[in-house]
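In structure tokens below, several structures.
Shared between the two complexes below is chain A, which has chain B as its partner in the first and chain C in the second.
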Partner chain A sequence: MASTPAGTLYRGREGMWSWVAHRITGVLIFFFLFVHVIDTAMVRVSPEAYNAAIGAYQNPIVGLIEVGLVAAVLFHAFNGLRVVLVDFWSQGPRYHRQLSWAVVGLWAALMLPFMWRHLGNVFGGGH
Partner chain B sequence: MATPQVLAPRTPRKARSNFEQNSWLFMRFSGVLLVVLVLGHLFINLMRGEGIHAIDFAFVAGKWTNPFWQTWDLMMLWLAELHGVNGLRTIINDYAERDTTRFWLKSLLYLSAVFVLVLGTLVIFTFDPCLDPASTLDVCQK
Partner chain C sequence: MDVTLKIRRYNPEVSEDVRWEEHTVSMQPTDKVLDALHKVKWEIDGSLTFRRSCAHGVCGSDAMRINGRNRLACKTLVKDVNPDQPVSIEPIKGLPVLKDLVVDMEPFFDAYRSMLPFLVTTGNEPTRERLQSQQDRDRFDDTTKCILCAACTTSCPVYWTDGQYFGPQAIVGAHRFIFDSRDEGTDQRLEILNDKEGVWRCRTTFNCTEACPRGIEVTKAIQEVKRALIFRR
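Let's look at the complex of A and B:
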């Protein structure tokens, strides 16, 4: 319980913030999907057109944006599973806060090896 | 004391559409499938070997001559696009307050979805791996 009432602004805790993050990451992924279907469609034009399109993804700056994209996808995936557990598992609502922190933990546990591997590929040579 | 009798409502209920409930359920079922499809996609394409540096026309050709990956990508395309469209529909309904704004935003949304689904499906089914004259794939050796 908050010790002092503070206006009328609703300030939820884990539940509200994971809801906000779920919306933002969802919109980001939706717009990326639009772009990604178009760049992949270049395989239908010519091998050169596709290699040029995918070449943009191999640029180091875009490589950093991809870290953000994977961060958004992983969060949205695990938080989505948390939503499913809260909705369908009888103990879900009771443990929703712990589940939120499990999402953050799982997210961090996968982001570290991904960044190690991906940033190594982006900055460490390749071609 | 007599039990009060409750009469059945005399006005017939209108047949209500279950669209919102079905789309709520769809978000959960497609979401669980997408966790497998998308995380598998990211792992195969970004974590193995040289990761993103290994992706080129030949890489896609290698995957899409295999019906397994064609099916994988087709399912991922349709589920992700419908899941995303439904999510954006909810967001538009939440934040766009004027009827005309909602109408135009949703029209644009559905138009973009048709575009993405038609384009993506055509590309997966009509892809020609032998466009690359240097291809070493078996299907291109004559």
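Let's look at the complex of A and C:
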């Protein structure tokens, strides 16, 4: 039985990499939801426990992680809409590459102002 | 010009190890990558093994991974593969490698066979041709171009990891008959493709469309089958 040795990375284009990014952001969002369910469940323990859990997030490291969270959610949302268009719009498969770049464009257009404001809050003393 | 080919070699009769081998050959920019492989095989190392038959992009024998992308070696010109750098040449991915660039195509053909890739009809044979309007013929024209080279199926990330998935080519083969107005086996084929390992495994990475040497819009064909399944009846 001949073995199938691992090859080099396949050089896919926009379609393949948006699929890879969709998977990665999906897993990241899943882990966030996992943590989020736990911290929100603290309110069933006591209001103080909930406040302590949320209070633990008020630091610059979590602030940076929040940038990653918003980046992942925005990409996953827009790319999800792209996948819907590819699935249900008859011209979607033909224009999938343009749709991919539209996703990246929209993502960047929303990320930049968000980072401006959010990082200003995180590192600028929170006002 | 001098071109360096970096070829992935594997011969289980000698060793289970895979190795990369480099050969530099003198080629014209308008020569095909297949010509360069011939030069290596005929003038440098006769043990290099690959499939090819017509050498003109019709038989579909010489699909291989050139610089990381599935291409027919006979349709790819040396000047188009960045010949200033070593050109990497590997077997297509997802099928068992038998030797060097030769893979076992049987799983691929099995998937194609399971699609009933022939005209299915009922009732008496007509005495003359089965007529079809130009418009009806055009409906599936794109998927008639397939040459079964497996470039699409072996570019699919789902096919690499899921041995049960039919793969893009089988769906192209089914599409050719599903949308043929003369054929009566549509429901049978749609039922086969409605399987968990059928069209729903497609994740629209478009690697297949990009890899097809015949320019078939493979992902579009798969999406059309998906929509036919959703909206039929």
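Definition applied: the second predicted complex is superposed on the first by the 116 of 127 C-alpha atoms of A that agree within 3 Å, B and C clash if a C-alpha of one lies under 4 Å from a C-alpha of the other, contacts with A are read in each partner's own complex, and residues count from 1 in each chain.
In this text, contacts are C-beta pairs under 8 Å (C-beta built on N, C-alpha and C of every residue); 3 or more make two chains touch, one makes a residue touch a chain.
Since this is a predicted model, take the numbers as computed values, not measurements.
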Chain B versus chain C as contact partner of A:Asp87, first or second or both or neither: both
Chain B versus chain C, judged by how many residues of chain A each one touches: B
Which superposed partner A:His96 touches (first chain B, second chain C, both, neither): second
Chain B versus chain C as contact partner of A:Gly15, first or second or both or neither: second
Common interface positions of chain A, toward chain B and toward chain C: 83, 87-88
Residue numbers on chain B that touch chain A, as the complex places them: 28, 31-32, 34-35, 38-39, 42, 46-47, 50-58, 60-61, 64, 77, 80-81, 84-85, 87-88, 91, 112, 116, 119-120, 122-123, 126-128, 131-132
Of chain A, residues touching chain B in the complex: 23, 26-27, 29-30, 33-34, 37-38, 40-41, 43-44, 46-47, 50-51, 54, 57-58, 63, 66, 70, 73-74, 77, 80-81, 83-84, 87-88, 114, 117-118, 121-122, 126-127
Chain C-facing residues of chain A, complex: 1-5, 7-16, 19, 83, 86-88, 90, 92-94, 96-97
Interfacial residue positions of chain C with respect to chain A in the complex: 8, 10, 12, 16, 18, 65, 67-69, 88, 90-91, 93-98, 104, 155, 157, 203-207, 209-210, 217, 219-220, 223, 226-227
